[in-house]
Every structure is written in C-alpha cells, then in structure tokens.
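Below you'll find the structure, written out as structure tokens, and then a few comments.
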Amino acid sequence: MAKFTAKPDELSKIDFKPPKKGWMDTPVEIKEHMFCHAAKPKELDVVGFPNAHEWRPNDEDWKLPENWEKTLLEGMRDLLGKYRSFRLFMDICVRCGACADKCHFFIGTGDPKNMPVLRAELLRSVYRGNFTLAGKILRKIAGARDLTANVLKEWWYYFYQCTECRRCSVFCPYGIDQAEITMMGRELTNLIGLNIGWIAGPVAACYMKGNHLGLEPHTITSSIEFFVDDIETITGIRVNPTFNRKGAEILFVTPSGDLFANPGTYTAMGYLMLFHELGLDYTWSTYASEGGNFGFFTTNEMAKRLNAKIYAEAKRLGVKWILGGECGHMWRVIHQYMDTWNGPADFLEEPVSPITGTKFENTTSAKMVHIAEFTADLIKHGKLKLEPSRNDHLKVTFHDSCNTARGMGLLEEPRYIIRNVCNHFQEMPEDTIREKTFCCGSGTGLNASENMELRLRGGLARANAVKHVHEHYGVNLLANVCAIDRATLTTSMDYWVPGVTVAGVHELVGNALVMKGEKERTQDLRLEPFPGKEGNE
Amino acid sequence: MKLYDGGKIIAGLIIFFFLVTFPFFLNIGKVNAKPEPKIDTPEIQKLAEKKCIESKAFMRAEHMKLLNDWRDSAVRNGERTYVNSKGKEFTISLQNTCMHCHSNKKKFCDECHTYMAVNPYCWNCHIAPKEKES
Amino acid sequence: MGAILSLCAVAALALIAFIGVSAGHLQYLFGVIIPYAALLIFITGFMYRVLKWGSSPVPFCIPTTCGQEKSLPWIKQNKIDNPSTTFGVVVRMALEVLLFRSLFRNLKTQMSEGAKLVYGEAKWLWLAGLAFHWSFLIILVRHLRFFIQQVPLPVRMIEGLDSFMQIGAPLFYMSDAVILLAVTYLFLRRVFIPQVRYISLPADYFPLFLILGIAGTGVLMRYVFKVNVVGVKEVAMGVVSLNPDPKLLEGIGVIFYIHLFLICCLFAYFPLSKLMHMGGVFLSPTRNMVNNSRMKRRVNPWNYPVHIHTYEEYENDFREKMKTAGIPVEKE
Amino acid sequence: MPTMEFQGKQYEIDEDGYLVNLDDWSKELADHIAKTEDIQMTDAHWEVVNFLRDYYQKYQIAPMIKILVKEIGKVMGPEKGNTKYLYELYPGGPAKQACKIAGLPKPTGCV
C-alpha cells in the first residue's frame, strides 16, 4: 500500500457536491487509506466468531461464505426482533437531512454516503425490500433494493466509517441514532467474518489476556513499576500500587492504553500519585485490566463477554466498589450496558468516597464511579492540595468525548477539575462541545494506521475548533477524558494544529498535586522541565 | 406477539383510537337533525314573485361574499345601490333589504350557521330584528 | 425524478376521483366506501405498526443525553435534556413532540475560506416543520365541525382564532396559508439543497404533493369552487353515524370528492410509510428513557449467559509469570 | 497472505510488510528488510533491534517508546537516551520501523 502523504491543505479541499447519479446507482468505491485491514481468521477464531476467512477489502472477491445473503437477512430479522431501536429507526426516518452536516465524517469527506441519513438508508433499503409490504411491492419507488455483493461492500465500507459518536442523534427530531444502526450493521458483518483487524486483534487479546493491548500480567506490573520509578524521579516519593489484592476497598479499572501508550501513560501516573496521596485502599487487576471494550464494536454478545471480567474480578477480590479511569466508550458501556449485561452487582456496596464520605447516588446499582466524579468531589471538599500555577505554561481547552457527553452526560466534572488544577482554561466554540462535541475521528476501533486519511478527515471538525482557540487564545493543550482521544488526537493535532499537545485530565491533576513530603518539583509528568525550572536540575 | 412496555403502548393506542374515532361514538345510532331554513315569512308570502335578489344557488354559495361586498360599498364607499345579474336594482341594506323579507333570523340564518358552527359577525354591529315567536 | 413521479401519482389520483365522480357517477364509492376503507386501513395499519415496534424490546437504557447528568449534589443537572426522573422524560418528550426540541438545535455547518468550519443558525426547517404540523392539526380540529352535531366550544374557539383577522368572506383561515407555504418550503428545500435532493425518495415527495393537493383543493373549495357545505356536513354526519344517505351525495361538487379522495389516500398510505413517525416519535428509546442506568438496573428480556474467559483459566495461562512478578495467585 | 521472498525462500508477511512468524527472523533477513526501508544497519541499529527482540520474548509485546529510550540511554550513554536519537536511527519511527526489522508484529498504539 502506498504511504499516505497528502498535506493538510490538500485534505481540507472538500467537494460537497453529490454525484449526478442517484446513490443506489453509484456503486461503492473502496478507497486506499479509508479502510482498515481485514481481521485475521485466527483472531476471530479465538473468540469463536463465525465464518472467519482470509479476504482483502480491495479485492474483487471477498470469499463470502455460502448462503451469505440468507445469513444476513436472517441476522437482520433476529436483530429486528431484539432491538426496538433498530426496527423503529428503520421505519420512521423522514429524510429531513438535519443529521447530514452534523457528522464529522461527512464534514471531512463530503461523501454523501457519510451523511448519517444515507448511511442508514444503505441498510434501510434492504430492510424495505425484504421486510416491508410497500418495499416488496413498489421496490425502487419505495426506496427498496436487493442485497447484493456490492450492497454488502457498501455496508462494510460505510459502517466502518462511522464512529458511533451519536452526534446525529442529538439533532434528529425522532432521536434516530446512527450508532444503533451502525452497531446492527457491524453485528451483521460479523456473521460472515467481515471484521477488521484493528478491532478483532484487541478483542482476541482482551478475551485471552484481559486487555486490548495484550499486556500479560507481568507486563502490566513492569509497566506500572516503570511509572513508579518516574514518579519517584519527579517527586521523590515512591508510590506502592498493588495488584489483584483481595480485600482492597476499591478495584480500579482503566483502559489499557493508559498503561502502555503515550500520552495515556502520564494520565496513569496521575492516578497513581492521586491514590497514593489519598492513601486509598485500592487495587489494580491484571485480569480485569481493560476498561474499554472493543467487543462493543463487534457484537453485543462479544461486548458482554469482555465486560464480564470487571464484575467477576470485583467479586473475586471482595472489593466494596469499582472506580473507573478516563475513557470514552468504556463509559458508554459501563453507564448504559454493564449492569444490564452482567449485573446485578449485589455483592458490592453502594459507593462512598472513603475520603469525603460522599455517597455517589448516581451509581447505586452499577456501583462504578467515574474518576472525574471522584476527583471533583475531592476538590470540592478541599481534600487535595493543589498548585495550579505549575500548569501556568498551559492554555487548556477540553474535548468532550462523544460517549461521556451523549451516552452519559459527564460534562461539568472534568471542567471543574481542570479549572482547579490549571489557571488558563478556554472553551472551544459552543457548537463543538458538550452534547454537540465532535468525535476525535477515530473511535469505535477505527484508530489504525492504514486508514489514516479517514481518521484525519474525520478529525477535521474537532481539529478545526481546536485551531480556532489555538489561534485566538493561544491554547496549547487539549485535555480530555478518553484513552482513544489521547492517542488519536495527538496524531490529529500534529497534522492539523501543530503546537497543541494532548493530555488526560489526571495528568494535569498529577502535575498540580502537592504531595506530602515531595521534593521541589522541577519536572512535569513527562519528565520535561517546568518552564523557569530548566536550570535547577 | 409478546409486547414490551405493553401497558404504555396499549394506553397510547387506546388514546389514538379514541381520537380518531370519537365522532363515530358521538353520533352512532343517532338521527341527525338537518337544518331546514324557512322562507315562509309573511313578507315573502306577500311577494308576487318569490325571488331573492340573485338565484338560490348563487345565494347559497355566495351570500357571505355578497354581504361582505355590500358592507364595503355601503359603509366604506357610500354606494347604496346594487345591480343584480339581471339588471334589477336593489338598495344595499342588510336591515331593510335582506331582513325585510327574511325577518325570521332564527329559522333562516341561524339554522344553518349553528349547524355549520359558523359565527358571522353581522350582528356585532347590526341589531337583529325582533322576532315574533310563532 | 422522484418529484416528478410523485407529482404524476398525485395528479393521477385526483384525476381518478374526478372521472369517477363526474363521468362514472361513483359518488357512493368515493363518498362512502373509500372513506370507510381508508379509515379502517389507517386505524388497523397504524396499530399494527406500533404493536410491531412494541413486540421488539428495548434491551438497554440508551438515552441520548444532551446536558449534564445527575451527579454530585452541587453540580447542576440538566433535568430535561438529561432526565433522571420520569417527570423529566415527560417534559423532554412533550417538548420534542409539541415543539420539535431537537430540530430546534439544528445548525448549518459550512466550510468557509481557509478551510474554517463555521456553524450558523438554521431554524427554517424547524420553523417550517412546526408550522406545517401545527397548521395541519388546527385544520384537522377545524374539520370536526363537519362531524359533530353540536360543535363544541374548543373547536369553535380554534376556528375563531384561526380566522380572527376577519379577512374576506368566507373568513380567511391563517392555517390554510401557513400549511401551503410550509409544505411548499419543505418541497423546495428537497429540490434546491443538493444533499437533501440526493437523499430524497419518491416516498418523500409523494406525501408532500398529496398534502399540497389536499390543502389546495380545500382552499379552492372554500374560496373559489364553492360546494354545498351544509350538504357536505349532512353526508359527513351520515358517515359518522354509520348511516350514510346515498341521496345526499348527488348535490355536492366534484372538487369535494377530489379533496376527500386525496385525504383517503393519505390515510391509507399513512401506515405503509414514513408518516408513521407520528407514532414512532413516542417510542424512540434515545428520547423516552430515563438516564438512570447506573442507579436502577435495566433488565434485558433476552439476556443470556455467555462464555467468558474465567479468572481460573487466566491464572492457568499465566500462573508462573504472575508468581515471578509478585502477583498473588489462587493456586500455587 | 502476501509473502516476501528472500534467498529463494518465501516468508509470510502482513499487509504492512511485517513478518507474520516471529521464528522466521534471522539477522540476514533483518538486513534485507532494513534495505527495503532504506536503512543501513550499524551497531547502534542492532542495539535497538536486539533490545526489541529481548523485550518481546519476555513480554509478548513491543516496548513503549519511553522504555526503549531509557534502555538505550542505559546502554549507549545518557546523551543517546532520547527520542530524537532513535528517530535519527529510524526515521520511519523507532516503533514501526525498528519493529519491522526486528521481525515483531506491527505495534498497536492505544486501542
């Protein structure tokens, strides 16, 4: 595959003119740098996905299993019976187009099939042709069509060009959620072995080893040990995290990206420092070592299978409640799915902060608290000694993650924390934050490298808003509470808005936190000297 | 067919059904009185030629427009003569022309207006003729 | 393409009624049989579609949250756009159904010079949509005067409000103008906005033309080709008392039958089409659910046990490595 | 599966040219892959490759950059313990390019 080399000014020339020919008559063109590699059969076999086979998206022949049409239509019937959202969203769209220019992929590509309404029509047209009276009789006039190999390719191409960010659903007068439709679309592709490697690999790893990255238990401890060394270098304090410790009060679960990928690792250091300073009775787990859930980007069943570890481990260790790290889709899953899948968590206690005594009344059933909720409460009660001036060289803006914004509503907690650990905070334009936030461009397992053009195009809308505050207010740090954001926004910023770095909120907390008995800090968590302290080392 | 959230859905559908069909329930089995406007006033009886200023069909469809035009020409333009389609002249006056013959407002005007729920604003300004109860 | 096809379809329907009544003298068919049939299809079809939706469960609590969740006591929750109580949901749904809250948020995203994205106000769709639906409702309510013997006060009040400008005679209804303008706007935006044209199906134009035809014939009937309204009400009353009188059908102008036939088409087409959004909007799980999934466990009726990689299996895979790394194990 | 030919033998590689089987790797093959990447292997380059392979043997994953930096600093002196130095050695990125030459699978960033 040729290397992706397009420059930002080339990429931002976007043609929004739809083709002359109707969309049903415009076959899908599978473009380089816009899709991810196919899943490897052995990765699908690990978790028992059906019809694993060798194929390549840009080959003519996808080596589809026999009777694939029947498999898909039966799968569709099954899903229609399981999800009211699916059946309803297939029926009630009026194609008003309010969602069209709300999608970051449409904004970044101009491809009309990336308008949420049309992406849904790809599936809807087949639904009409096979499941509705009008569609069966009137065919094309009713917007119905047959399921052909080309239609399937179109499905695959565009359902892996949607990050299930739900921005369209905010604006839809009926709340039609493309994320639901994409989920169904991906369920279907998984019936015939058409997954992507970047999702299947982490799913297989998470199933067998407990986390997406495939970190084995000793890798996790050695990695955290490495952070502990760095923390000692910075603060002079040696923190003592424990692993798989029975009888701890709290189990801490975070996305594995925080343990092994920059700049998430600095966020992990922030957690370690905070918990140490509080004297929190908590433990990490190497078995439930993943908060995120790439299974969520395949099938509901797979998502449930991966998620089951968290409660199972909490039960085994006998903790009282669970604390969760900064992550986006992880929180959609924990907030809206976990208790339903793997609850009731009646072996846990209703979460109470051991430091402030605050009862977390919004999670009395799921019993899992978001770290931003936890830390905001600490700050409110004055339990942390903070030195926000250490972050004075940073002009910070905050990127709401899609899932915490639109699938949960965690908006003020991280902002409250940032305002207390930094002196310079600037919001991005109103229409690009909170429930109107834009996706980083690479969610739902689309953060591979072979689909770089797609990622950068998808990230354009977010980057554009950052660029605005970068140019007008000198913003140089993009804070967020999502592991995928930390990895992908770094790439996106380097490309679109050089000069802006990306950090998790708890990295900023770690920098501002004054720990008991620490030495005078000269370095931040990245081991870079604080401005003005360069010579002190 | 198993129904989920059945209570709410059935309740919604009952409301829907009622909203769509309630005119049936109000009327089923009832014999509906039809409006029968009467033109048998003493004044009409006295007329040699029992004809209104225009044809019956025209008057039925257009009387509201005609009255509106009359109002405009008499009140706004001071023009008080109406020439009908056959060239015959009439004085433009609700009280003295129309109601002179149709002195039975209740049986002539109100019968249909009430039936159709039309509420003409003639009588906001004009005084309705006194009717003898027959 | 879709627009022309739909326009032809609606014109053909009007022609069918015209020929059927004026040449075929099928007043009874168009005035009684078809209306009964259309209403029956509408009611049963509508209920069938809703029950079909109801037959699929909502396994997960998936509201789209638009605002701050219920969190710590000192953080202000957005109790409507991110409701944690049924009351909040009721308000959210009411705003959605009555005022099109979500569409009100609409923005126009444009790429300006220097590849800068700008977000502008875009309230026209909301306004036209709201104007169209509300005027449609008002017109429907107004029409109740044809179906009720003693027209109740609220209906008369709505009628009075709708005509309160007292223009012309018969009094001009504002809702007539509003619906025609709104539907025309909704049609024109489908034609002139390239993206919207691209996604529009015949099924999107057809109801617009149908409604335009219905409103148009209605307006013509009131102001131009007048029909015997008293006769129309007599027919209507006969229909709703299930005692239609064929004799009454003769004296009514053909335009009434065109108007009525197009309405029947709309009613019969309704349950087969996207117009079902009328019922669907109430069932949308992203809007009608309480965002309390961490507070109250939602039960998925088809939840089933799944294979997981248990801790025991995990420890078996990694026991030696765990021991070397100093991680406690269950079995030595 | 695509393959790569070297000295008359076919080696399975993935879509991005990474060896599929760790055991297929040899110093000669590494030299060959380096050439296709326009890299002339020096002792310094080998130091990185060897560390990567050792780390992978132990942990079944390529190390984080910061671990690599620290390790190279330990072995080759603190002035070389920085990302800049590694990028000089492997302009295509120490993670991606060096892993390819070391016969490791393509590193996954955050997932």
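Should a chain be cited, it is by its letter among A, B, C and D, assigned in written order, with residues numbered from 1 in that chain.
Keep this in mind: a contact is a pair of C-beta atoms (placed from the backbone, for glycine too) under 8 Å apart; a residue touches a chain by one contact, two chains touch by 3 or more.
In this text the structure is predicted, and so the values were computed from the model without any measurement.
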Inter-chain pair with the most contacting C-beta pairs: A-C
Centre-to-centre distance between subunit B and subunit A (centres being mean Cα positions), rounded to whole Å: 68
Inter-centroid spacing, subunit C versus subunit B (mean Cα positions, whole Å): 35
Mean-CA-position distance for subunit D and subunit A (Å): 29
Centroid spacing, where centroids are CA-atom means, of subunit B and subunit D in whole angstrom: 94
In subunit C, residues with contacts to at least two other chains: 52-58, 283
Contacts with two or more other chains, residues of subunit B listed in rising order: 4
Residue numbers of subunit A (touch at least two other chains): 84, 216, 218, 222
Touch-based graph of the chains, sorted into line, ring, star, complete or other: line
Touching residues (chain side subunit C, partner subunit A) in the complex: 1, 5, 49, 52-62, 64-76, 78, 81-82, 84, 96, 100, 102-103, 105-111, 115-117, 119, 125, 129, 193-204, 272-274, 276-277, 280-281, 283-287, 291-300, 302-303, 306-311, 314-315, 317-318, 321-322, 324-328
Touch list for subunit C against partner subunit B, complex: 39, 42-43, 46-47, 50-58, 144-145, 147-149, 151, 155-156, 159-160, 166, 168-170, 226-230, 233-234, 237-238, 240-242, 279, 282-283, 301
Partner subunit C, residues of subunit A touching it in the complex: 9, 12-14, 16-18, 22-23, 48, 80-88, 91-98, 100-102, 107, 112, 115, 117-118, 121, 132-134, 141-143, 166, 169-177, 180, 207-210, 216-218, 221-222, 243-246, 286-287, 301, 304-305, 308-309, 312-313, 316, 334-337, 339-341, 343-344, 358, 360-366, 368, 373, 376-377, 380, 405-413, 416, 429, 431-432, 434-436, 460-461, 464-465, 468
Subunit D residues touching subunit A - in the complex, by the definition given at the top: 1, 14-16, 58-61, 64-67, 70, 96, 106, 108-111
Subunit C partner contacts - residues on subunit B that touch it in the complex: 1-6, 9, 12-13, 16-17, 20-21, 23-24, 26-35, 60-62, 64-65, 67-68, 112, 115-119, 121
